[in-house]
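What follows is a set of notes on a single structure, which appears directly below.
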Amino acid sequence: MKYLSICSISFVNLISISFSCFLFSLYFLLNNMVYFIEWEVVSLNSMSIVMTFLFDWMSLLFMSFVLMIASLVIFYSKEYMESDENINRFIMLVLMFVLSMMLLIISPNLISILLGWDGLGLVSYCLVIYFQNIKSYNAGMLTALSNRIGDVALLLAIAWMLNYGSWNYIFYLEVMQNEFEMLLIGSLVMLAAMTKSAQIPFSSWLPAAMAAPTPVSALVHSSTLVTAGVYLLIRFNILLSFSWLGQLLLLLASLTMFMSGLGANFEFDLKKIIALSTLSQLGLMMSILSMGFYKLAMFHLLTHALFKALLFMCAGAIIHNMNNSQDIRLMGGLSIHMPLTSTCFNVSNLALCGMPFLAGFYSKDMILEVVMISNINMFSFFLYFFSTGLTVSYSFRLVYYSMTGDLNCGSLNMLNDESWVMLRGMMGLLIMSIIGGSMLNWLIFPIPYMICLPKLMKFLTLFVCIFGGLFGYLISMTNLYSLNKSLLNYNISVFLGSMWFMPYISTYGMIFYPLNMGQLVVKSFDQGWSEYFGGQHLYQKLVNYSQILFLMHNNSLKIYLMLFVFWILILLNFLLFM
Amino acid sequence: MIMILYWSLPMILFILGLFCFVSNRKHLLSMLLSLEFIVLILFFMLFIYLNMLNYESYFSMMFLTFSVCEGALGLSILVSMIRTHGNDYFQSFNIM
Amino acid sequence: MAQVPLAIASHKRQVCSLYKRALRNLEAWYDRRNVYRYRAVQLRARFDENRCKDLGEGIRLLACGQRELFETKHFQPRNFANSSGGCAYEREVIPPDWLLDYWHPLEKAQYPEYFAKREQRKKEYVTWWEKQYGKPDPKDLGHH
Amino acid sequence: MFNNSSKILFITVMIIGTLITVTSNSWLGAWMGLEINLLSFIPLLSDNNNLTSTESSLKYFLTQALASTVLLFSVILLMLKNNFNNEVNESFTSMMIMSSLLLKSGAAPFHFWFPNMMEGLNWMNSLLLMTWQKIAPLMLISYLNIKELLLISVILSVIVGAIGGLNQTSLRKLMSFSSINHLGWMLSSLMISESIWLVYFLFYSFLSFILTFMFNIFKLFHLNQLFSWFINSKILKFTLFMNFLSLGGLPPFLGFLPKWLVIQQLTSCNQYFLLTAMMMSTLITLFFYLRICYSAFMLNYFENNWMMTLNMNNFNMNLYLILTFFSIFGLILISLFFFML
């Protein structure tokens, strides 16, 4: 039975599908092929319901990555969720999630995208509330409702697509791109993508969704679900490049990147730090996408998926060993207690920072250099590079808190590095996050970008990273005689540490007045006047009439017959005298 | 004008009969009797009418048959009522 | 509800409570143990310094201290995972034992052996109790 | 019921009487048919010699006798007028005929005898009274077609039917008021076309047959019997009350179809006021039907500890199930057949 658990079976299946998808994508990429499959489900009179699938190198590659990460995550959950009695439900939810992700990836049709999209929303809700405590419920509700905005936007976009007679958007994007309706569709799709990728007005759900089990965070909330929005916009990228949509998206995405980078520097929850770093990377993808470089966004999406999943898996291993504790103030000295996990953790952290020749370096460096040679204003430029520095800063802060010093948790602990199944799962991704970047770089870009920069600007990225790292490490260090730095600037750190108060705004702020109004309406209308004038009073009156009618029935038969005779007499009277 | 006389008398008699039928009586039997009276008036009226139609008065036989049946039925109900109620007072009926 | 205290009554206990909360706050700000110890000693010294002042002064100082604590309260207080406010709080709920007594007879009938044994154990417990503490007073048996 | 020879005789004669009325080409013939019908129906009513059936047969007899004498009187008047061609106003004579026919059928301003009488009958006789006894008078009314009187009668019928049943606890009275309500619909439908009236009448007879059939088997006469009515088959209970909703004309069921036709036709005749009154009052009818169905449709309800054994034989059960199937899925089936044809 050891090899017949649901985890092992799904692992084998998924990894083999992933491998074949990868081979197919190579084939498609090299031969420059696209498969467009159309299956007519039903044909009624003049209307046909058609299911369409689009297979090109992008969808196949993304699919293979998603499947690979999913398979490793499932393999990893075999140990992580070992003591959970609902592990079967958990794995099935993850599989359903993967399924709807597949549907989303391969469909060039807004309806089937919506199916996959709603599937993602539903399953991610179920996964967030997997641990059934109040925190999870609240987080799940926030997640589901934020994503619902995007679902509604997609539905509206579908309604607007009716203008063109079909929902296969890929046929219309280029032809109709100057029309107002298409702009409207584009803005709605952008809204949907922003909710799914947690861009700035909707960011608060992503850190909240960390209430889910850690494998879910590794798969869903870092590498696949949140990148679904980016992927959707990659498909719609034509609409973004030549309109104000792209500019708006650039602003919001780079602000997201900035905000979450800052927030991660003030966060103390291990998973939330990684979630905020995901958010920052999503902002990076979105912003480079909004400038028109969709291939770069795709590239970063893939590499980011690799090392971020690894990072989450390491965090999961740590949390597992720390007995569910996620506060980084309780950690420390983990490099001594869990050397192998710490290695993976550091490698993925460095890949995130863009350490040369790791996965993140290729995509991130290229994005930044492309930003430098393109026409861009000072503000966006500042946001890009400051956020890059912040990324390194929070990574090193994390290293400082968790890896160095002594363990803060307590002398009685069970830290060890012998959870082999989890480690094996992590090793697979470790290799991928080392070689993945270069591999993808040579695959996706057979012809290198021509980037020509002065020496100082070329070194700007490096400089920013080194400075950020030093800053992050040193500023969180406290010694006996120095006050805590964020205590000195208390108000600012509270503001930045709670994501610019966005969680409050999108929960209490949204609900306060409508709820009050609802209470008023319920009290004075639903249970007040309308009940009085509608239900109760009407019923009372009808019953009264009924009683009166019964008074009329309450007579001898002769009275009724006499009434009839009187009526006949009246008729006769008319008959005779008119 | 003379035509009105043919049917004004039965009409008045009919109305009186109707009143007799529905006005409040003690006994059911008196109601049945007044019903017979109405039937007689109707017979009279029908007779006048049939005289107009070339004295084709065979229908009056049928009418008489029906009215007798009806009277017999009324009487049988009366008997049935006396068997169940013990009297033929109209007021002993339940209302509703 | 009248007997339930809604606020800490005495000044002494208020000061103790403030001290404890301030320590917890320090723990949240200073993650390294040695630094925290140093700060804690300082805090203790500050409290000790103002000991044995007259009560009016003491009340003013208490208000000051509470205000200072409020102004420097950590925005993400340090919590253990399984305690209230922690991330794994109430993650695994263990239903209380007495819940089994409220099962429907039809449900109980599905596990006859277990419930038979359970009933027997209950009886044994009652006899044990009565041996230990004696029979309950009959006037205490009714509901209050 | 069918192993009693006198019953067979009277039922046959009753049917013949109605047929004579329907097929006769003169008013006198129609009158004869009505008389035959009355003469044979009364012995059917008083089959068991108890208080109530005697009373109700007496009430029926008096009312119908009065109605038929007035009918004959006005018929003779009409014929005298036609022969002599003097200044007698025709419409008033036909109004008199119509009033007597409305009294015979139990429509609203002259409906008072109807619930009183129903209270004393058993369910099978009630069914005859509600359905078969309506054919002859309604057919004769359709020959007359005086809009003014008919409109008043329709509106009064639906309102009386709705409001009268609202406060009712006796099932027979409730069914009689519902019958008055349906009679309003039937009158309005024969104002437009005879075929719609026929359809309405057939469906109404069908639905009320199922209900009275079940009431008769389980001897249900009062509302509280329904609330505490526990039979060991919940499906049976549920379907029975679905039939109630069907009778009330709730859309997915069969009972909606005739109402639908009437609504459609009345709308195309611009009878909006009439239609509004009818539909509003039918809503109230639906309300009290639903109130009857409480015990079956609620998730949580009171049950007696004792069980009522299901004393239905196989034939009755099969008959009931088939009829219920048509009553519940009839509308869908009819639409399907319509598509197939």
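Letters A, B, C and D name the chains as they come in the text, with residue numbers starting at 1 for each one.
Here is the rule we use: a contact is a pair of C-beta atoms (placed from the backbone, for glycine too) under 8 Å apart; a residue touches a chain by one contact, two chains touch by 3 or more.
This is a predicted model, so every value here is computed, not measured.
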Closest to the centroid of all CA atoms, by its own CA mean, is chain A
Just grab the chain with the largest centre-to-centre distance to chain B, centres being mean Cα coordinates.
C
Chain centre separation (chain A, chain D; CA means) in Å:
63
Could you state the distance in Å from the CA-based centre of chain A to that of chain C?
38
Chain C to chain D, mean C-alpha position gap in Å, rounds to 73
Measure off the straight-line distance from the CA centroid of chain B to the CA centroid of chain C, and report it in whole Å.
96
For chain B, residues contacting two or more additional chains
11, 18, 21-22, 93, 95-96
Note: chain D residues in touch with at least two other chains are 59, 62, 66, 70, 77, 115-116
Multi-partner residues of chain A (at least 2 other chains):
553, 555, 557, 561, 564-565, 568, 572
So with touch defined the way it is at the top, what topology do the chains form here? Options are line, ring, star, complete, other.
other
Touching residues on chain A, where the partner in the complex is chain B:
553-558, 561-562, 564-565, 568-569, 572
Chain C touches which residues of chain A in the complex?
131-135, 211, 266-269, 322-330, 332, 401, 405-406, 408, 478-480, 484, 487, 490, 493-494, 497-498
For the chain D and chain B complex, residues of the former touching the latter:
28, 32, 35, 38-39, 42, 46, 49-52, 54-55, 57-59, 61-62, 65-66, 69-70, 72-73, 76-77, 79-80, 83-84, 86, 115-116, 119, 173
Looking at the complex, which residues from chain D come into contact with chain A?
59, 62-63, 66-67, 70, 77, 88-89, 92-93, 95-96, 99-100, 103, 109-110, 112-113, 115-116, 160, 163-164, 166-167, 284
Chain A partner, complex, touching residues on chain B are 11, 15, 18-19, 21-24, 90-91, 93, 95-96
